[in-house]
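Multiple structures are listed underneath, in structure tokens.
The two complexes that follow have chain A in common; it is paired with chain B in the first and with chain C in the second.
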Partner chain A sequence: MSTSTEKEMWVTKLRKGWQKNLPVEKLLPDTQPAYVASWIYLFGVATLASLGLIIATGLWLSFEGASWYHGSNVGHFVNSLHFWSVQFFFVFMVVHLWGKFWMAAWRGRRMLTWITGALAFVGSIATAFTGYLVQSNFDSQWISYEAKDGFNSVGIGSRFTVTNFGQMLLLHVAFLPVIIGIITLIHVLLVRAKGVVPPIDAFNKELGERK
Partner chain B sequence: MGIFDHFMNLRAVYIHLGWFQISITNLIVVLGMLVLFGLALFLPFPGNKKKGQK
Partner chain C sequence: MSDRRAELESAPWGGRTRRYDLIKEGVVAVVIVAIVVAALSTLFGSPDEKQVTFKEWATAAPADFYATSVQELAGSSGTGGYGAPYNKASDGVNLGPLYLAKLLGVTHPVDTVNDFVITPLTTVSNAAPVADALKTWQASDAKTQSTWATNYDNALTKVNQDQAKVPAGNYGPVPELAAGLLTMAQAGSLDGALLSQGNYFQTDNTKQTLFLGDGSYFNDKSTASNLQGSTWGMMNETGRYPGQAWLWLYSFWYQIPPFNNGDSHPFGANADAWIMVIMGALSLGLIIMPLIPIVNKLPYKIKIHRLVWKNYYQEENL
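After this line comes the complex of A and B, so read on.
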């Protein structure tokens, strides 16, 4: 029988922490503060939507295979959808980053939100890089031969071999997307847990407490 | 195979300004992002006119 003096299991600690920091009302709120009524707040979710498209079209490409996406009209189209989703993903992410930078959105214990965002940015660049390496054309050959010198010069060429097609393909379709997915999930959960940061000059009661 | 293949096979055009060098393509993307940022800040957001606001 458990008594209050007994040590708590990690499951119990996790549940209590979760209930305290991210109750379902915070996870799925009905309303947002008045200051969120601006286009600039849509760029996070636009980035998220682009990421969804990237993953969906990427899965489609993987299931059909290279001879399909390099050799058929529909394959070319889905390949292009994948590519252009990435272009928009980065454009939206950069505008999102600028927006959060100029509103100093790391205020009020939101440092981890900023850090996970920065990690998502760097991780996305790595993922896009491996994507360019697996086009199996002269472009990817050129990029990998330029990049291998860079990787060798910083001493990580033997682990991260950019001319190894198999390694780059697996990193691109398996490892890196999972990492990006996990970082993004933590990022968005943190935003929900902390609530949207009030504007820098928001002393107004109506806008909530200044945190 | 048409205009896009022709376009893809062209060499990138670069702008050089002393130490600064950028392809026209990348310049267009960067300017586009700046324009998007400006629009996001200054365009009115639909449905944000509440009581007491003009």
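After this line comes the complex of A and C, so read on.
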């Protein structure tokens, strides 16, 4: 094959781009820069770990069905596992978010890492909200009754019907988690591809700036 | 920031490194979080306050249920006057000249008279007075029906929903219909009838939820659990469980003027819409935060990063 046809093929472009930006040595490195030594770095991983637990317990709940998680002891325990994983997920994510803010971690062409993170945050709020709606207890009745006014007020309610249990359940277990999963995957791959952002003053000497 | 700086900060790191096992870190994180989550689940469980049913409502607060049924027939309930997306009874909430809900139309039609009262009643075999009342109602024109229901609704409101004190008047079959629905609800057959509306597969609880919310029983119950929007209810849960604490900022706007000014004030009446717009804008702001002047300079001014990278700054004498 000549090099010119190779260049035209999409598959070639993809392979080359992938190899250039995210070779497996970058994806799974043995070392990190010396500055990656702080408790704040644990919060991204902890968020990821909680997300994993949310998905695992959520799948368990899905296979048993909506009348199981408030109708049986085992069901309610798995429901509790799911619930507390979500609470931790948000605590970890919010600390992670503030950490990355004060580190100005979007520096050095990492803007897209920030954007995907923020999208994950907003998307997670939507996902958790639909989750609260499908608890099938008093709270979910009340939340759907109250929240309908918010969505109706700007017309979103004409399609997104919070009082429709079936619609909320489908969005909660299918559409929204898939979106969050994809965004998170891109987010983490971007971090690996770009490397962890150096400290703000790391290049003061090179830049001839005062400290 | 200078291009030179962006270049240095995006280039592969050329300085000192340390051994770091990402996979081990991830696995340990999953195990630790799982242990803590299992411990909390065992100790505290999760919110489990039972759902309200129509049977419960009609049994615990029959007068409230009865009066609400009359309001549904008269079209004077919250749902009856709601507007889009359920009906055309009002213009609904607006953002100044923009009536978004109305613009998008009635996508989820709810007819309180038939969906909430008449159709459910036709799905069961009723005692003679109720069956006769149903026949009388169905044989009359809409205008007469509305006159009867409105008369009785007003009369009932005047005597504080005390059915026994309502003076005689031109109410047609309305008292019997409401009594029939009450009996049906107390027997536990209204929940299913409201959901199915004569069909087999059904997962849309809109009609049940709207009807439930039109009465006082459901609202009082949520007030007792601190779930009302005016008391930060959006982020609360039943019992002592954490709710959607991450909605604190959304909930915050409902607690301050002009949004808590009541329905007579344009911002109070349309708070839902304005707050939705504010939160939409703030969410967008978060997403593009690195581009927002001043805000994106804060981390350089307030040097929390020196704590984060404390060791490194010491080692490198920065």
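Quick notes on this structure:
Assume the second predicted complex is superposed on the first by the 196 of 211 C-alpha atoms of A that agree within 3 Å, B and C clash if a C-alpha of one lies under 4 Å from a C-alpha of the other, contacts with A are read in each partner's own complex, and residues count from 1 in each chain.
What we mean here is this: a contact is a pair of C-beta atoms (placed from the backbone, for glycine too) under 8 Å apart; a residue touches a chain by one contact, two chains touch by 3 or more.
All values reported here derive from a predicted model rather than from experimental measurement.
By the touch criterion defined above, A:I115 reaches chain C but does not reach chain B. Shared-chain residue A:S62: touches no atom of chain B or chain C.
Once chain A of one complex is fitted onto chain A of the other, the partner contacts of A:I200 are limited to chain C, with no touch recorded for chain B.
Of the two partner chains, chain C is the only one touched by A:D30; chain B is not. Number of chain A residues touched is higher for C, counting chain B against chain C. Shared-chain residue A:G166: touches chain C; no touch with chain B.
In the overlay built on the shared chain, the residue A:I125 is in contact with chain C alone; chain B does not reach it. The intersection of chain A residues touching chain B with those touching chain C, taken from the two complexes, comprises 34, 37-38, 40, 42, 94, 99.
The touching residues of chain A, counted against chain C in their complex, run 28-38, 40, 42, 45-46, 48-50, 52-53, 70, 76-77, 79-81, 83-85, 87-88, 90, 94, 99, 101-104, 106-111, 114-115, 118-119, 121-122, 125, 128-129, 132, 135-142, 144-146, 148-159, 161, 163-167, 169, 194-204, 206-207, 211. Contact residues of chain B toward chain A in the complex are 29, 32-33, 36-37, 39-41, 43, 45, 47-48, 50.
In the complex of the two chains, the chain A residues touching chain B come out as 34, 37-40, 42-43, 91, 94-95, 98-99. Interface of chain C with chain A (complex): residues 1-2, 4-6, 8-13, 15-23, 25-26, 29-30, 32-34, 36-38, 40-42, 44-52, 84-85, 92-93, 95, 100-101, 103-105, 107-108, 203-206, 209-210, 212-213, 218, 221-222, 225, 227, 229, 233-234, 237-238, 241-247, 270, 272-273, 275-277, 283, 286-291, 296, 298-300, 302, 304-305, 308-313, 315-316, 318.
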